[in-house]
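Alright, structures below, take your time with them.
What follows is subunit A paired twice: with subunit B in the first complex and subunit C in the second.
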Partner chain A sequence: MRGRTRLRRVGLPYLLLLPALLLELLVHLVPMVIGIVMSFKELTQLQIAHWGAAPWKALGNYRVTVDFDAPAGATLLHSFAVTCAFSVLTVGLCWVLGTAAAIFLQENFRGRGLLRALFLTPYALPVYAAVITWAFLFQRDNGLVNHVLHDQLGLTGDRPFWLLGDNSFVALLVVSVWKTWPFAFLVVMAALQSIPKDLYEAAALDGAGIVRQIRRITLPSLRPINQVLLLVLFLWSFNDFNTPYVLFGKAAPEAADLLSIHIYQSSFVTWNFGTGSAMSVLLLLFLLVVTAGYLLATSRGRKSADV
Partner chain B sequence: MRILRAATVTATVTALAAVAAGCGGGSGFGGGGSDDSPTSLTYWASNQGPNVEADKKILGPELKKFEQRTGIKVELEVIPWPELLNRILAATTSGQGPDVLNIGNTWSASLQATGALLSWDRKNFAAIGGRDRFLAPALEATGAAGKDPAAVPLYSLAYALYYNKRMFQEAGISKPPATWDELVADGKRISRDGKWGLGAEGGQLTNNIHQAFALGKQHGADFFDSAGRPTFTSDGAVAAVKQYIDFMAKDKIIAPGNAEYGQNQSLRDFATGRTAMVLWQAAATTFSADGMQPGDWGVAPVPVPSGTPGTGRQINSMLAGINIAVFKNTRNLRGAQKFVRFMTSDTEQRLLNKAYGSIPPVKAAQRDPAFSRKDTKVLRETLTRSAAPLPQIAGESQFETSVGTAIKDLFADAAAGHPVTTASVKARLAKAQQQMAQ
Partner chain C sequence: MSSPVARASRPGRRRRSPTAPPRTFRWTRRIFLTALTGFVLLPVYVMLSSSLKPLEDVSGAFRWLPSELTVRPYLDIWHTVPLARYFLNSLIVAGSATVCSVLVAVFAAYAVSRYHFRGKRIFTVTVLSTQMFPGILFLLPLFLLYVNIGNTTGVALYGSRGGLVLTYLTFSLPFSIWMLTGYFASVPRELDEAAYVDGCGPLGALFRVVVPAALPGIIAVAVYAFMTAWGEVLFASVMTNDTTRTLSVGLQGYATQNDVYWNQVMAASLVVSVPVVAGFLLLQRNLVAGLTAGAVK
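Let's turn to the complex of A and B:
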C-alpha cells in the first residue's frame, strides 16, 4: 500500500508531463531531426517528392556552406556579420528604451494609463500590417520619412533611399526596435512592481537622489529579469524573418541580408533544401553555444554576487 | 529555478531551430492517379483578379455549371501568387495536393522535374480535344523541350507598351515609339518637370527577368546554352541588362525612385500622369481601377531594335500566362481530365479570359471580338508572332531570383548615382551565375 502511494507520488508528475512531452517531440524534435537528416542529403526540387530516397552528400552541404572563398560561403559569412550587428544593436536599443520608459512610467501622473497603452501598441499590431506601413513610410519619393527629413527639416541634401543600399540596415533596425521594445518595456514594468517601495523610501530618507536610486536599487533588482529578457530579445532578433521579408521581399539588399532571409532564399527560392538545412543546423549550433555560454556566465556571475 | 529557466531557454532555442530547420515529411507518390472518389475534385486557382474574392466570384458560377453537368463537386481554393509555388512544393513533398491546380507557365519545367504532375501524352490530350486546339507558342511553355507537357495552357499573356496619349500630345509626339531609339528619344522629351518617360519595377525580380529576357533575345542571348548551363555573362546578356538599366542610368528616362518599386507602383504613376509609358502585361483593368478612362491611354507593341516585331531577334515579349495541371496522385483522374476539358473549352476560354483580361491560348476562342479590341489585339498578335517562353529548365526559379536580384542591385546602383558600366553589369551577372551553380 505504502509502495503504491509512493509510486503514485513519484509517477504522477511524469504522467502529467507526458502529453506535453509527446507534443514537444512531435512538433519540435521530429522536424528538427528531419532537418538535420536533410542537411546531409542532396536535395533540390528534383528529389523533393521522394526526399527520403535522395542521395547522401555526407558533409558536402556543410563544405559548400563554410567555404568562405566561394560565393555561397562568402555571402553566408557576410549575412552572419550583418545579423550579429543587427541583433546586438536591436537588443541594446530595445533594452535601453524599454527600461527608460518603464522607470518613467513608475511615477503616478495623469495620462499614465494612456501612455502605457500607447507604448504597447506596436506589440499589439499584426506584424505584417505594421511592417508594410513602415515600407510605405520609407519610400524615397512618397514616404513620410523623407518628407520630414528632407522637405521639412532639410537635414538631407538629396532624398535618400531607405529600402536600397546601405541605408536599408538603418531602416531594418528602426522597424525592428520599434516592433520589439514594447516587450522589454512590458517585462521591465512588471519587474519594477515587485521591488518593495520601502527600499526607495529608506534611500530617499538617506538622501539618495533619483539617479542613485536607479543605480543602487532599480537596476540590481532588475538583474535576474534582465538576464532572461536580453537572451529572449537576442534570440528573437537573431531569427527575425517577418521584418526583413515584409520590408524587402525575397531579396534583401546586401546591407540588410539577415540569416533568416538568407536561409529562406536558399531553401525556398533557389530550392537548395540540402544547403538550406545545413545552414539552419549551423545556426542552431551557434545559438546553442551562445545560449549555453550566456547562461553559464550569468549564473556564475550571480553566484559570486550572492556570496 | 535555474534548471527550469535553462529548460525554458533550451525549449525556446529548439523551437526556433525547428522552425528554421524543419521541413515537412512525406513518402512520395504511388503513381499514376486513380478514380477512387469520382464525385469530388479540389482545385487550386492562382489569384488572377484584383483580389481573391474577385476570383471566387468569377470562378464560382463556372464551377457550379461544371457540377450540374457532370455531378462532380469542385472545392475551390484561390491562392495568392507569393504563396503558390511554396504551396505546390509542399504538396509535392507530402503527396497531399489538390487534384487540379494552376501553375505559372514559367514554372512548367521546374515542376515537371519534381515528377508530381500528370504528363499530357497523346492519350491525355485526346481526352481534352487534342493538342491542335492550342496555340503553338503557348504549348512551348508547358514543360521541357522533347518531353510530354506537364500542363495545359489556360490564360495567355504578353507584354505591350502602354502610353499616355495626353502626355505624348503635350510633348508633341504623334505616335508611339516602334524602336528603342525612338523610345529613348520620346522619353527624353517627356522627362522634365517631375514627369518621366518610362516606368519600371526595379525591385520586382520576376518583372526584371521578363524585361531582360526579351531584350536578351534581341541581342541574340538566351541566358542558357543548349545543355541548360547558365550563360549570364555572354556579351548579349550583359548588353541586354545594361540597356535596361541605362534607361535610368544613362538615358535618364526612368525616375530613380523606380529602383525600389516592387508593388506595381509604376502603374499608379502612369495612371496619375507622372510617367508616360510602361511595359506591362494586360494593364487595362488596373488603369481603369485607378481612374483612367479607356481613351486616355494607347497600346502598342513593345519596341524592337529596328523594323517591326517578329521572330528571332525581333522577339519583344516573354510568353506569359497560366497553365492548368493535374496532380499525378489524384484520386479522380477522369474527373480531373473532364475538368481540364471544361476549363479549356471554347466557351469557358472566351468567358474566363474576358473576365481576366488575358488572351485564350485556345485558337477557336480567340475569334471572339473581345480579343480584337485595341489592347487585346496587340497582346494577341504579340503572342502569336513575337513572344518566346522563358528557358524551360528545371532551375528556372533560381534564374529568376539570381538574375532578378542582380538587376535589382544594378538599379539601386543607378539610382544612387553610382556608375553602371559593362564591367559592373558583368560582375553582378557573374555573381548571379555562381549562385546558380551552388
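Let's turn to the complex of A and C:
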C-alpha cells in the first residue's frame, strides 16, 4: 500500500505531463529532427515520396544557400535584410503605439472601456480576414488608400501600386503594425495594473509632473515585462507568414520578401525541399543565437540594476 | 479640508489636484487616441461599408458611402464558395483544438506548478522554446510525417481535420502551459491540502479546487487557443483538401481569374470575424487578468 502511494506520487507528475510530451514530440521535436536530416539531402519533388532514401548531400544545400554571389544566395541575403528591417520596425512601432495607448488609458475617463475594446479588435480579428481587408484598401484602382492620397488629397502624381514594387514594404509594415500593436497594448496594460497607485500620488505631492511620473515610475516599472514583450514581438514578426501570404500570395514582391515566404516559395513552389530545409535550419540557428544573446544581455542588465 | 482624491474627482475648471493630469497632457491624449481610433477603425469601416455595396461600387473607384445599400453580398457569399462547409470545418477544428489543448495544458501546468520532479526545467524550456521556432520549419517535415503515418498505419492525418487539430493544439500549448502554471501557482496550496483532507486524490484536488479557482486563466487560455486555430493560414493551406478546407484558405475562393468579388469578400470576412471578435471582447478582461497573474511577474 505504502509503496503504491509512493510510486503514484513519484509517477504522477510524469503521467500528467505525458499528453503534452507526446504531442510536443509528434508535432515539434520529431519534425524538427526530420527537417534537419532533410537539409542534408538531395530533395526535389522526384525524391520527396521516398525522402528517407534520397541521396545524401552533406553540406551541399547549405553551400548553395549561403553562396551570396550566386542568385539563390543573393536573394536569400536580400530576404534576410528585408526581414530584419521589417521586424525591427514592426517591433518598435508596436511598442511605441501600445505603450502610449496603455499609458493614456491608464487613468479612468469617459469612453475608456469602449476605447479599450476597440483597440483590441485588430488583435481579435482572424488574421486572414483583416489582411484581406487591407489588401482591398491597398488596391491600385479601387482601394481606399489611393482614393485618399491621389483623388482626395492629390499627394501622388499617379495612382501608385502598393502590392507591387518597393511600396509593398510599406504596405506590409502598416498591416503588420495594425494587427500586432494591440498585443503590446494588452500586455503593457496588464503590467500597468500592478504598479501601486500611491507611488504616483507620492510623486505628485513631491511636485513631479506627469511627464516625470511616466519617465520615473511608469517606464522603469515596465522594464521587466518589456524585455519579454520585445522578444516575443520580434520572434513573431520575424517568423510571420500569414501577413505576406494573404497580402501578396505565394510569391511576395522583392521589397517585401520575408524569409518565411521565401522559404515557402523555394520549398513548395520551386520544389527545392533540400535548400528550403537548409534555409529553415539556418533561420532557426539565427533566432536561437539572437534569443540567447538577448536573454543573456537583459538578465545581466537586470542583475546589475538590482545591485 | 478635502483630500486630494476627492478634489481630483471634481470636474470643471477649478484648481485641479496635483495628481490630475495637466491640460497639455489631456490634449495630447485626445489627439493621440483620436488618431489611433481612426487607424484601427479604417479597415473595419471599409469591411462593413463594402459588404453592403453592389459590385459596381467595389470594382470602380473607391466610394466612402454605398451608392445603394444592399444585403445581396451576404446572401451570395454562401453560393460563390461553400462557405458553410468551411465554417463548419473551422468550427470543428478550432473547437476540438481548444478543448484538447486546454485539457492537456491543465494537466501539464498542474504537474509543473505542484510537483518537483527530474526534468522539470528541461520540459519547460523545451516547450517554451518550440514557440519561437518558425512555423515553416515544421511544415514540410510534418507534412511528410503525416503522409508516412498514413501510408504505414492507414491513419489519415494528411488532409484530414484530425491532422490539423493535432497541429493546432500544439501551437497554443506552450503559451497555455506557461500561463496556467503561473495561474495555478497563485492558487494557495492550503486549498489542495484541504481537498486531500476531505478525501480527494490529486486529480480530485485539481478538478474540484484548482481548476475552479483558476477559471479566469483557463478561459483566457481557451480564448487564445481558439483564436490561434481560427486564424491559422500556413498549415491550413498545405494540410487541407477540398472537403476539409477551413475558412482561412476558403476565403481566397472569392477571387476568380477575372474578377474579385470584393463586396462578398468583405461580407464573408465580417461573418467569419463576428464570432471570434464577440467572444474575445466578452472575455478580454479575463485575458488581462490572466496575463497579470500568469505572465506579468
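Definition applied: the second predicted complex is superposed on the first by the 287 of 307 C-alpha atoms of A that agree within 3 Å, B and C clash if a C-alpha of one lies under 4 Å from a C-alpha of the other, contacts with A are read in each partner's own complex, and residues count from 1 in each chain.
What we mean here is this: contacts are C-beta pairs under 8 Å (C-beta built on N, C-alpha and C of every residue); 3 or more make two chains touch, one makes a residue touch a chain.
Just so we're clear, the structure is a prediction, and the values are computed from it rather than from any experiment.
Applying the stated clash criterion after superposition on subunit A shows that subunit B and subunit C collide. In the superposed model, A:Leu284 makes contact with both subunit B and subunit C.
Of the two partner chains, subunit C is the only one touched by A:Ala100; subunit B is not. Contacts of A:Pro71 after superposition on the shared chain: subunit B is touched, whereas subunit C is not. By the touch criterion defined above, A:Ala124 reaches subunit C but does not reach subunit B.
Contacts of A:Asp141 after superposition: both subunit B and subunit C are touched.
When the two complexes are overlaid on their common chain A, residue A:Glu24 makes contact with subunit B and with subunit C alike.
In the superposition on chain A, A:Leu295 makes contact with subunit B only, while subunit C stays out of contact range. Comparing subunit C and subunit B on the residues of subunit A they touch gives the larger count to C.
When the shared chain is aligned, subunit B comes close enough to touch A:Asn272, but subunit C does not. Of the two partner chains placed around the shared chain by superposition, neither subunit B nor subunit C is touched by A:Asn226. The superposed model built on chain A shows that, among 21-29, 111-119, 183-191 or 255-263, the segment of subunit C colliding with subunit B is 255-263. Across the superposed pair, subunit B and subunit C both touch subunit A at residues 24, 27-32, 34-35, 38, 48, 51, 139, 141, 228, 235, 239, 260, 263, 267-268, 273, 277, 280-281, 283-284, 287, 291. Note for the complex: subunit A touches subunit C at residues 10, 12-14, 16-17, 19-21, 23-24, 26-32, 34-35, 38, 48, 51, 97, 100-101, 104-105, 107, 115-130, 132-134, 136-137, 139, 141-144, 146-147, 151, 178, 186-187, 189-191, 193-194, 200-201, 204-205, 207, 209-211, 224-225, 228, 235, 238-239, 241-242, 245-246, 259-260, 263-264, 267-268, 273, 276-277, 280-281, 283-284, 287, 291.
Interface residues of subunit C facing subunit A in the complex, by the touch rule stated above, are 4, 17-19, 21-22, 25, 29, 32-33, 36-37, 39-44, 46-47, 50, 58-62, 103-105, 107-108, 110-112, 114-115, 117, 120, 123, 126-127, 130-142, 144-145, 166-167, 169-170, 173, 177, 202, 227, 230-234, 237-238, 247-248, 251, 262, 265-266, 269-270, 272-273, 276-277, 280-281, 284, 287-289, 291-292, 295-297. Residues 24, 27-32, 34-36, 38-39, 45-46, 48-53, 64, 70-72, 139-141, 161, 163-165, 228, 231-232, 235, 239, 249-251, 253-254, 260, 263, 265-273, 275, 277, 280-281, 283-284, 287-288, 291, 295, 299 of subunit A touch subunit B in their complex. Against subunit A, the residues of subunit B that register as touching in their complex are 2, 5-6, 9-29, 86, 89, 92-93, 95, 110-111, 113-116, 203, 205, 255-257, 259-260, 262, 394, 397-398, 401-402, 404-405, 408-409, 412, 415-416, 431, 434-435, 438.
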